[in-house]
Each structure stands twice: as C-alpha cells, then as structure tokens.
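Structure in structure tokens, see below.
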Amino acid sequence: MGRMEYFLEIFFGGLTRGSIYALIALGYTMVYGIIQLINFAHGEIYMIGAFTALIVAGVLGSLGMPGYAILLLTLPIAVIYASAYGFTVEKIAYKPLRSAPRLSPLISAIGMSIFLQNYILLAQTADFLPFPNLLPYFDLPDFVGGILTSSEVTIVITAALVMAGLTSFIKFTRMGKAMRATAQNQRMAMLVGVNVDQVISLTFIIGSALAAIGGVLIASHIGQINFYIGFIAGIKAFTAAVLGGIGSVPGAMLGGLVLGWTESFATGYVSSDYEDVFAFALLVLILIFRPAGILGKADSQKV
Amino acid sequence: MLKLIDVDAGYGPIPVLHAVNMEVGKGEIITLIGANGAGKTTTLMAVCGMVAPRKGDILLEGISICGIPANRLVELGISQVPEGRLIFPDLTVAENLDMGAFLRKDREGIHQDIEYVFDLFPILADRRHQPGGTLSGGEQQMLAISRAIMARPRLLLLDEPSLGLAPMIIRQIFDIIVKINRESGTTIFLVEQNANQALKIAHRGYVMENGVITLTDTAANLLDNEDVKKAYLGI
Amino acid sequence: MQGLKKSLLTAVWFMFLTFPIMVIRVNTIEKTIVWRWENLALVGISVFLLSYVWRFLMSRRERGNKQNAFATDDRAQAFRALIEDRRIRYSLIAAFAIFVGVFPFLFSMYQVNIMISALIYIMLGLGLNIVVGLAGLLDLGFVAFYAVGAYAYALLNLHFGLGFWAVLPMAAVLGAFVGILLGFPVLRLRGDYLAIVTLGFGEIIRLVLENWGTFTRGPSGISNIPRPDLFGLEFGLQGRIIYMYYVVLALVLFTIAVVTRLKYSRIGRAWMALREDEIACQAMGIDKTQTKLMAFSLGATWAAMAGVVFAAKTSFINPASFTFLESAMILSIVVLGGMGSTVGVILGALILILLPEYLRAFAEYRMIVFGAIMVLFMVFRPQGLIRDRRLKRRFHPAESSKGAEAVPTGEGMARGAGSHG
Amino acid sequence: MAEAGPVLDVRNLTMDFGGLRAIDSVSLDIMPGEIVALIGPNGAGKTTFFNCVTGLYTPTSGEILLSARGQRKRLNGLKPNHITALGMARTFQNIRLFPHMTVLENVMIGRHCRTRSSIFGAIFRPPATRQEEAESIEISYGLLKEVGLTALVDETANNLPYGAQRRLEIARAMATEPALLLLDEPAAGMNPSETRELQALILRLREKHDLSILLIEHDMKLVMSLSDRVCVLEYGTQIAQSTPEEVSRDPRVIKAYLGEEADA
Amino acid sequence: QAAEIIFGVPGAHSGDLASYGLPTVNAAKLVVEQYNAKGGLLGMKIKVVPQDEQCKPELATNAAFKLVSEKVTVALGHICSGATKAALPIYKDSKIVLMSPSATNPELTLSGDYPNFFRTIGRDDNQGKIGASFTMGKLGAKKIAVIHDKGDYGKGYAERAKEAVDGSGGKATTVLFEGVTPGAVDYTAIVQKIKQSGAEAVIFGGYHPEASKIVMTMRKRDMKIPFVSDDGVKDATFIKVAGEFAEGVYASGPEDYSGNPLYHQANEAHKKAFNADPGVFYPQAYSAALALLNAIEKAGSTDYDKIVKALRTEYVETPVGKIRFDERGDAEGVGFDMYQVVKGEFVLVK
C-alpha cells in the first residue's frame, strides 16, 4: 500500500474525528463565551443525545420503518431532547449561580455531570449497547473507496454544513448579534434591550443540539454507546475548544480538526500509546506561543 | 413622564436609597446632583430595572414599571449611558453603535443616526473599525453617549457623561444634550458631579445626600442656593 | 394556586424530558421494547413535590440575599459573641481536639480508614487552596503532583527500600521541583487557559505512568507498599491503621499551621492581590511570575506529600487513581468549602469524601445522590460553606488618637465588611 | 542623591498600535519636587504615555531614564514590577484596587517591593519577619492617616465610596516609596469640594515625601493651581510645554483642548 | 454467631467501569435468592451487600473495611486486579475469603501472598500463550499485530502473547505492538496502522467495547484478517454490539460451557429478573457465588478455615463447569479454549 494512500487515510481519519470534536467543542465554546463557564456537563448532553437516538431508533425500528425514515425522525428528536436537557440543566444548575463566585458554577457542572451519568446508568444500563447504523450508505468512486467510508463522508459534510450554518447565524442574525453582545457585557446587553436570559438559554440549546448531532453521527459510525462516552469526548472537545481559542466559534472548529489530526497522525506515524500525550503536549505548546489559542484574541482590555 | 414614589432600594443587604420621590416631566431636562456614594447611580439603576426597589413604586407615564426587566424597558423607550461606560470591548465602534439600535428595525433610520453621531463626534468616525475596548477613556464616553442615542429613546438616562472628558468636549457634550432635548423632545435625566454645568442646562434639579433627596428646585434657584454653592459648586 | 400551576407545569416538563430514558428500554438486536410507564408516574409525582421544596428554598435564598442585613447579622453576631467568649471558645476547641484525638478508639476500623482518606484530602484541599483559593490560579491537574508523590514513594521503596519518613521530605522537594518545571512555561496563561493546560499536564503524567511500564510497572501498579513505621515496631492491622491515623493527623495539623501563616504573610497577601488584579499587582512591584510560581510549587509540594501518605495508606497504587476526576474532586472540596478559607476546605473535604461513604446505604443510588447534592450545595450556598474572612486589625486608641482624626476602635467599622462575596 | 538631574527623563518616546501612532516622539523631563501636568484631548495618548513609562506597554522607540533611590536607570524593556521597585508608582484612570482585600492590606501590598521576607520567613516567622511585618503595618497605617482613611482600615476596598477609593489608590502607590508618582485623572468623578481636598493632599504628600508628580487631569482648575509645568499632547504629539499660565494662553492649546471660552 | 450470612459484593458499580461490576451484583442476587428461597444456608438467611469502589484502589480499601466492619462472611468480587490487590490484605487480616470473577492478574495467585484469594477466571499468562500459539499455529499467521487497551488486564495479556510470538523461534514476528485509548471516539487510525503494518492477524488484549469498535472499523474497511482476543471479549455483549461484524472473530475463554445447562439456566434467570441480557463476567460471577455458598454449605460453618478447605476439596457444578480450587486459589478446570463467532454465537474451535 502506498505511503501517500496511508497518509490520506490517516488524514481523513483525523478529519472525521476532528469534525466530531468540533461539533461538541462548539457547545463548550459558545457557553464559555457567554457566561465564562466550563460546562463539564456538556459531554453528558452529547451522550444523552446519542442515547435518545438509540431509543427512538429502536422503537421506530421495531415498527418496521425503513432506514432513511428512521434517520429523518431520530435525528430531530435526539436534537430536541438534547436541547431540552441543555436548557433544563442551565435553569437548574447555572442560572441560580449567575452572580456567584466564578468557580461555583464549575463545581455545579461537575456535580451535574456525575448526576446525568448515573441517571442514564440507572435508568438504562451500564452495558455497551449496539447502535444501529443510521447513516446512509452510498458507493464512493473507486479511487477514494479504499480510503474513505461513506459514513465518514457523511460526518464530515454534515459537520461542515452545521458549522457553516452556525457561523452565519451568529454573524448575520439579530440573535447572533445579541449573543455576541451578551458574551462581552451582560449588563450592557440588557441595557440596549437584549433579553439576556433568553440569549443564554438559546446558547445552551444550540450547543446541546450540535452535541446531539455529533452524538448521533459518531454513535452510528462506531456502532455502540454507553453512559460513559460523554466524559472522554467531552474532555477532548473542551481541549479542542481551548486549542482554537475558547469563546471563538471558528476557533472551536479549527481546534477540533487540529486535535483530530494530531491524534490521528500521532497514532499513524508514532504510536497510539502516546496519542493523548501528543494531543495535550500540542495544546501546551500552542498555548505557550499563542496564549489565547489559535484564533483567540488576546483581550483588548485597556489600562 | 417618570415618577418615583417613596422608593427604597439597595444592593443585597445594604440599603442605599430611602424614600426617594422624584418627578420628571415630558421634554424636561432634570439633573440629580450629590456627593460620591450618595446613591445617584443607584437611582438610575432603579429606574432602568437593574436594581429592584424594595419599597415604593416607579411610574413611566403613569404605569408602574417595577419588576419589568431592563431589556423590556428599552422597548418602552428608556435608554442609558451607564456609569463606567460599559463599552462592548471586542465589538468595533460601528458594531457598538449598531448594538445601541438593537431593538430598532428601520435600517434606513439606523444608518442615518450612525452618520448623525459621527457628525457629533468625528473622532468616532476615525475609529469606527477599532475595537471599543482599545479606545481612550474619553472616546469610550463619547461612544457610550452615541450608543444611547442610537436607541432613539424617549427618556435618556445619563450617568456622569462628563466624566474624564476634556473641557472642550464637556462643553460640547452638554451642548449635545441640550440639542437632543430640543430637537427630538427627548426627556433627559442627568446625573452629574459637574453640578455647575449640569445646572446650567437643566430645567430643574434634585440634590441627594446619603440616599435621601434633600433639596429640589428649579436649576436657576439651585445655582443661587448657598448650601449648594458651598457643597457642590466649590464656590 | 400560582404555585400549583407552576409545579404542574414543571412536573409535565420533566415527564416529557425523562420520557424516553426512563420509560423505554430497547433491545435493538432482538427488536424488543420494554415500556416502564410506572416510572413516568414516579417522575411526575416526585418532581411535583420537589418543585415545592425547590421554590421554598429558592425564596428563602432570595430573602436571605435581600434582607439578611439585620436578621442574620443578629444571629451571626450572637454566634460570634459565643465563639469569641474565650472560655467557651477554648472549651469547644478542647472538646473537639479530644474527640479527634481519641477518634480511632471510639470507632470501627472502617470509620478510621475513611477518616484517614478524608484527612489526606484535607491536605490535598489545603494545598490546592493555596493555588486556587489564595493565588486564584485554576489548576485542574493537581492530581499530577499527587501522583508524583505516590509514585516517588512506591518506586523509591521498591528499588531502594527507602521508608516512609525518608521519602516524605524527598517527595516534597520533588513535588516543588516538578511544580516549578511545569509551572514555568504556563503561568503566564490567563485564567481558564491555565486550567486546561494543567488538566493536560495531569493527563500527560498519568499516561506516562501508564505507558512507561518498565519504570512504573504500567497499569498493573505497584503493590505491597509499606505503611509508615515507628522505630521498626510491628503492629497488627488495627494498630497500623491507628498509627497511620495519627501520622496523617499530625501532617494535617502541620499543613494547617503552615497555610494559616502563609495566608497572613507578605507572600499570602501578594497571592491574593494577584488573584484580584494582576495589572495593579505588577504596578505595585510584585513579580507576577515568581509569585505565581511560588504558589504553584508550594501547592505541588503538598500534593506530593499527600501522595506519599496515600501510597502508604492504600499499600497499592496504579495510574487509575490519578485521573482528572480526582482533580475535579479536590477542586470541588476547595470551592464547596469556601475558597481561601481553611476551615471551609476542611469541612469541604469531610463532606465530599465522607458523604459518598455514608451514602453507601443508598447502594446503586449513591453516586446519583452525590451528584445531586453537589449541585444543590452550589445552588443554595454559592459562596461555599465558609466565607473567607479577612483578618481585622484593631488599632489601639492610644495610637490613633495621635492621628489627624479620631479612629473608631473595632465594632463600628467591622460591620458590613466581609458581606461582599 | 544624584545631583539635581531630572527624576524622569523621557526622550523621543514613540508608541504604535498596529497602524495607529498613539505617541509620536514625545520628550519630557521632571525635576525633583516638581509637579508636571500632562493634558490633552481625549485619546491624545496621555494614558498610553503612562503605560509606556511604567512598563505595561513596550514603547516602539525612545529612551526612558529614571533617577531615583540613588541610581540612574534606563527603563526600556523592564517589567512593571521592576520599575516600581526602582522608585516610580502610579494610579489608574479606572480605579484598580484589590476589591476584596481590606484597606490596610491594599496599602500593605504596596510595601511588597520594599520588604524581603520569603516563604520560609512566612512559615517560621523569625523575629526579622515579625519586625518587618510590624513595620509594614505601621508605615501603611501612617499613610492611611495621611490620606484620611484610618476610619476604614478594616473595610474591604469595594465597600469604599469613590473618593475614598481614589485616595486609597494614592496611599497604596505611596507605600512603594516612590520618588516619582504618576496620577491618572485623580479628580475624575469628584465634586469641586472633594477636588479641593485632593489638591491639598497632593501638595502635602509632595512636601512630606520629597516627591515629584506627573499628573493627567482634565480639571483645569486643578491643573492650573497645582502644577509647576504643563505638557500638552494632541494626537500623540507634544504641542506645548510651559508654565500653566502660558499654556492656558497658547492659541493651539485653546483650539485643541480648552475651547474658546476657557473659564479656568 | 450472626443470624445472617453476609455476602459481600465489592466492585465497580458506578463510574466508567460499572459495566464490568454490575453484572456481578446481579449474579450474586440471583444465586442468593435461590438459596434463600430454599430456606437459606445453615438455617440462616443470606444477605447481599454490594459495595461500590469504582475500581479505584483507595475506594476498594474503604469498601473492604466497610465489609469487614459489617462482619461479612464471604465476599464475591473486586472486579479489577488493582482494586483487588489493594483490598486483599484487609480481608486476609480479617480472615475472610474473597473470590473474584474477573481479576486475572497472575500475581494474585502466583505470589502466594494471599491464601484467602480465589477466582473463577483464568490467569492472563495462560491465555496470552494460548492466543499466540493459536494464531501462529492454527491460523498460520507470520506477521502479527498485537494491540491492547493499556489496561492492567489487556496489556498483561498482550505482553504474554507478544512474548510467545517473539519466542517462537522465527515462526512469526510481532509487527506492531501498541495500546489504544479505551473510550476514544474512534479507532480508524490504529486500524489503518494495522493495515499498513502488513499484519496477517491481530491479537487484541482488552475488553469487548474496544474490541468491537476495532473489529467493526476493520471490517468496514474490508480488512478480513483474523482477529484473536481474550475472554474479556468472549462475551455475548460483544456479539450483540458488533453484530454481523463479529462473525469469524476468535476469542479464548474458559473451557467450553456452552453445552452446560447451568450456563443457560443462569442466563435465563437474569433475563427473567432484570429484563436484560447479562453483562460481562456474569457466568464467572454466578459460578463464584455458587462456589462460595456451596463451600459454606459443605463446610457446615462460616468458619474461615473450614470454608477454605471446602473450596479446595469440594467440586461444585457451575455455569463455567465443574470446578474446585487449587492451592493457589485458581479454579481447576477453568482452562482456556479457543472459540470463534459463528452465526452469532461463540462456538468451540476444534
């Protein structure tokens, strides 16, 4: 097998993984951007999205629905549920802490994460469950067939579309503008007429929706889930968000990809023993030279 | 237009305002003067819904606005130049102004108003693509005023607009306040340390000490008042 | 009435929310579905009832925020008066000291054992409190230094037969050294960037321990690590545990003494100032990097010492003990207890470490209850259990009367201070 | 003491932000005991000048020399804390106190660079450390007495009224034992009577501590009555430097800054 | 004497490894229920006391102390070898028998330090050798990729397998020896690396979640080389999760028990009681519970020495076969066979 081909395989493998990271990272970055909170429960939302999808797909499957119909119904329901969870978590665990010391919501988030994990553990199961492949299968042209699978193509394309959508939403809509203003100064945003509570809720809803999409995509691709998948994915996605510059939406995307590639290439050309070591070492290196992440802005506070 | 009736307010356990009564007529410029920490800012915060009064009531055109969140009050036509300016630091000057018009839908009008404030403060036009956070103190103050104007308010609350401005600009700003008041009939509620100038442009004035209104009269009378002269005018 | 409607709505919302997860269980292979409708009713009813409790607590919290000016001040004042009465204070302290002193003889080995765990976490918490609470550096990889200490003892013992007391100071120095090594490149990062980098370091160290099998024995860990000895005396299991308890207790007391002194020293003040405003600090002549580095490596020193104790206590270590979750737990101790406050951290450690143990009665619901309690604690006590108070200094009237103005002594000026979070 | 040379000697200081030249070749010296005011329209670069001199910004070019505490040093490239240790202290345009520390502690932070005790000192508290600490408290308390804040020593800084915060910032700066004090708009937000008190305070401090002062201020009354010399900036360039009277008559200054009917 | 027999079940019941620990609790409950339904043991009711330790050594010592202080009679568990090692001295000092369904670390029995330790699962070292020789011999692979999950169990197995391959005198070589991160989002990169290495077979040490992910990724990329693994993989869940992709996978496991009616009976009991398929280590746990209670019954007493003696002498019928324990505590008769997934079931490779 050619070196080039191997390189491409590794490259696309990293791209797929990176796209997933990016989708989850967006949730972290948006929430962080707006309320400066590292939402440790975000990984759990991703997991809940995947679980809901599994349940819905299971029910629909038992009704004998065709594959594409299952996907078309499952994805929106998973997204709705994940958003509802994100929304509720914010209302319960973070909103009462708006004026609390900065680290308090962080601890509340950690507690929430433990809670949600065990909720799924108790209400469903600790076991790994097979996840049906919901992604459409299509034949790829021969020259890429050996390198890529159709689900990878689906993942990358979906992620790209979603991110493009989000970017334009933030850039061009009123709500996006309100989000940016809220992120910078909540009090002032209120004083120009932004409904800050609503904006924060919306941020959680969008972030959770993206995580659910990521959850459904990757669960279909990998074919299994359990209650703990959110934790590792969450840490990685958070790393990606910081790598790209936390608070920055394009940064999260770039960070996700860079992280995905780093891990992929580290495995491919060095050793997967130290895959994570490479990922974190890269993070440290990048932050040493760009203290605010790749696309993060050093803050323009004046003295 | 605006009426405060026996308002008590404060932060958490700390009481600041005690039975404050004030009235602002339509199209009027009134000014609230007082020493540092008297509670002037707190009064404005109570009016714009950022601090909930503990007792008493606040009426806007006869309707109680207590408990209405700040963002809804903007829709009702209250706009503010807050203490500390609160510029959006990473938005550019132009975007900051745009945010000022957040609730407005008339693109044309917004555009015109941006040109209008650039006319008022040409230096902002020069800095229009610079992030707000990097402006000098005075430039930020101009931006904050412009941003408040962008909302086309009926009632404009100004918290020490002359703070940190060059003398020439201060005069200019007071002129602009008068101009806004005259041209568009905007009611103006001005909080100032610079009592001298404030009283010169205001119709009426209130004096606040330790959260209590101790004196109210027409601006001209206050300028002549011996106590006021001693305490606030430095004469 | 209003409340009823709200509660009903909340109940309905949660029934919707938990519907798929609580009610449906699918088997995708055999395409079978189990419906558990009874769960839905359960959720509905319990949420309905809980929402009343929640609202009640919320309104109390609100009221507390708004109007505690006089009410709680009275209570607090009365309490403080009680505490400040010397006789009462000293007898309270003495009673507590005696209790702590005879603890191992009153309770079962299990109790003593978990108390040792709690004491270790008090050490860790106080160490992290220097970094997070005093210096304001969010460190999510604190466990790395803990691992360094534990492995230092395990390996030095394995290869060179060094004992607990020999390794303890060595590990402290090693911890400080590693702290400086890791801290140096990253301490110029701001706030949460520092958090993630330290998280990264924590993971890196764990992964190295896991993968570098020839040196660390990899994932299978190191067993048979001896407990501390006392002039070569042999005790039974019970004796060893009790001795361990006193060793750890002594270390905790030492830690408390050191941390308290640091807090009210020149260095401690610089840390706090740094936490509040870095730029102003620099303008006041404080070397930012050096001061941060001091906090970071001092925290690391304590973590490493706690690591040695930990290795001695469990007699077995492997990398699985040093995950990010552990760092998160230590951080929770600090925040939940009350940042910067020593008593707070002690309470935090006792609660967060002992709580899961006492929740064992809940069996499989243990961790879900634990998570919920963490959230509730933060929601209803956001500033932590104990709010850090700044030391007040009373000046003698004699000294002040020479001044240009009269200086009130104490009471009047102390009020209201500290009521800002 | 170095003989009668300027305390601060700034030569051709230039500072660029990206494409923007905020300060353009400004030179300024301050003699011992002198009070110099830096005035100019908003955005002229006054605060930036402070930031360059105190090491928060690295100037694009130019020389900054400080003669204080018996030595003469080039400040370019030094870190802010180092510069403070050399004998220059400042206050900020937007007050930057340590909000949750007590008033006394705020001032004691200023003592940091004049004290030595280490971690070991802190832990073991040898007599030297104890004495140093006692001295710190005494000096800080003395300074609070000078600015009239002794009634509030145990209050946390964020609970102070605005004017008190300004004075506290000055006391904190004084605790570093500066030869040169930089004040950025100390009278902003004060009413005329408070401003008069401030003026007295500044003069008192100068007397008592052999202090030179560089001051940014928009309150012309204060500037005119306080300063020995005034330097005027506009768009980063220096347009005048002279006595207050001359400056207030200078047509360029009137046009750029004071406005036609300068009523000061 | 207590009027109850306390049956301790320490293990990971929450956290990332809960899926390995919870089946043991279920097994214990079912077996004990059986006994209690028959009127208990030695005239006493049996009570199951689960203690969660998340597979963490320090929590394991807490759990052990807790059980000791609750006067536990025998304990079934500690799932991970690390936690078991940390807790064992406590049971030993308190003279309590501990039987693990899943701790495979050789040291536990080979070191001779723990006369109170027993297990119903085989040791890593045996399995690794079996896996390697099967791959080199039966499958005739010359180039072998050895992958593990960096865990205690998986890495131990993989190292033994590698030793066996490298020591085969040139019959075969290890072309790749690497660990994957458990729980990682995907394993595409390592699979491509295996492909690139030109390996003719993969030996994997670890548990079924990673195994199924790797196998599925391989098969989806048309890599048809044999996949050989251990008894952490030889589990119904593996087939359930990997589905059609599981076909053809080899996994070693305790000597064939698919023909054992007790095995099927145990599975059925689980499905009936919990409405779900049993998880990993369920048969081992079920067997261990039977063995422990049987020993008490045969010993006619809850006395430590008598129980130990009974465990070493009395055979008992369990889902993993008819077993008793040797001097070191390993179950006799729990050797390893190689199985292959054929039509959705593990069948013995002859």
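Per-chain numbering from 1; labels A, B, C, D and E assigned in written order.
The criterion applied here is as follows: contacts are C-beta pairs under 8 Å (C-beta built on N, C-alpha and C of every residue); 3 or more make two chains touch, one makes a residue touch a chain.
Given the structure is predicted, the values throughout are model-derived calculations rather than measurements.
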Fewest touch steps from chain B to chain E? 2
Centre-most chain [mean C-alpha coordinates]: C
A count of C-beta pairs in contact puts on top the pair A-C
Between chain B and chain D, the Cα-mean centres are separated in Å by 31
Just the number, please: Cα centre separation of chain D and chain E in whole Å. 73
When the centre of a chain is set as the mean of its C-alpha atoms, what distance in Å lies between chain A and chain C? 29
Expressed in whole Å, how far the mean CA point of chain A lies from that of chain E is 35
Touching at least 2 other chains, the residues of chain C are 25, 27, 29, 211, 279, 364, 367, 416
Which residues does chain D have that touch at least 2 chains other than itself? 47, 56, 92-94, 96
For chain A, write out the residues touching at least two other chains, lowest number first. 118, 121, 125, 129-130, 273, 276, 299, 302-303
Any idea which chain D residues touch chain B in the complex? 17, 20, 39-45, 47, 93-94, 161-164, 185, 188-196, 218, 220, 256-259, 261-262, 264
Contacting residues of chain A [partner chain C, same complex]: 32, 36, 38, 40, 48, 51-52, 54-59, 61-62, 81, 84-85, 88, 92-93, 96-97, 99-101, 103-108, 110-125, 129-132, 235, 238-239, 242, 246, 273-274, 276-277, 280-281, 283-284, 287-288, 291-293, 299, 303
Using the touch definition from the top, list the residues of chain B that touch chain D in their complex. 33, 35-37, 84, 123, 130, 134-139, 141-142, 160, 163-172, 193, 195-196, 230-235
Contact set on chain C toward chain D in their complex: 258, 261-262, 265-270, 272-273, 276-277, 279-288, 294, 298, 390-393, 395, 400, 403-408, 413-414, 416-418, 420
Which stretch or stretches of chain B touch chain A in the complex? 48, 50, 69-72, 74-75, 79-80, 82, 86-91, 98-100, 102-103, 131, 133-136, 147, 151
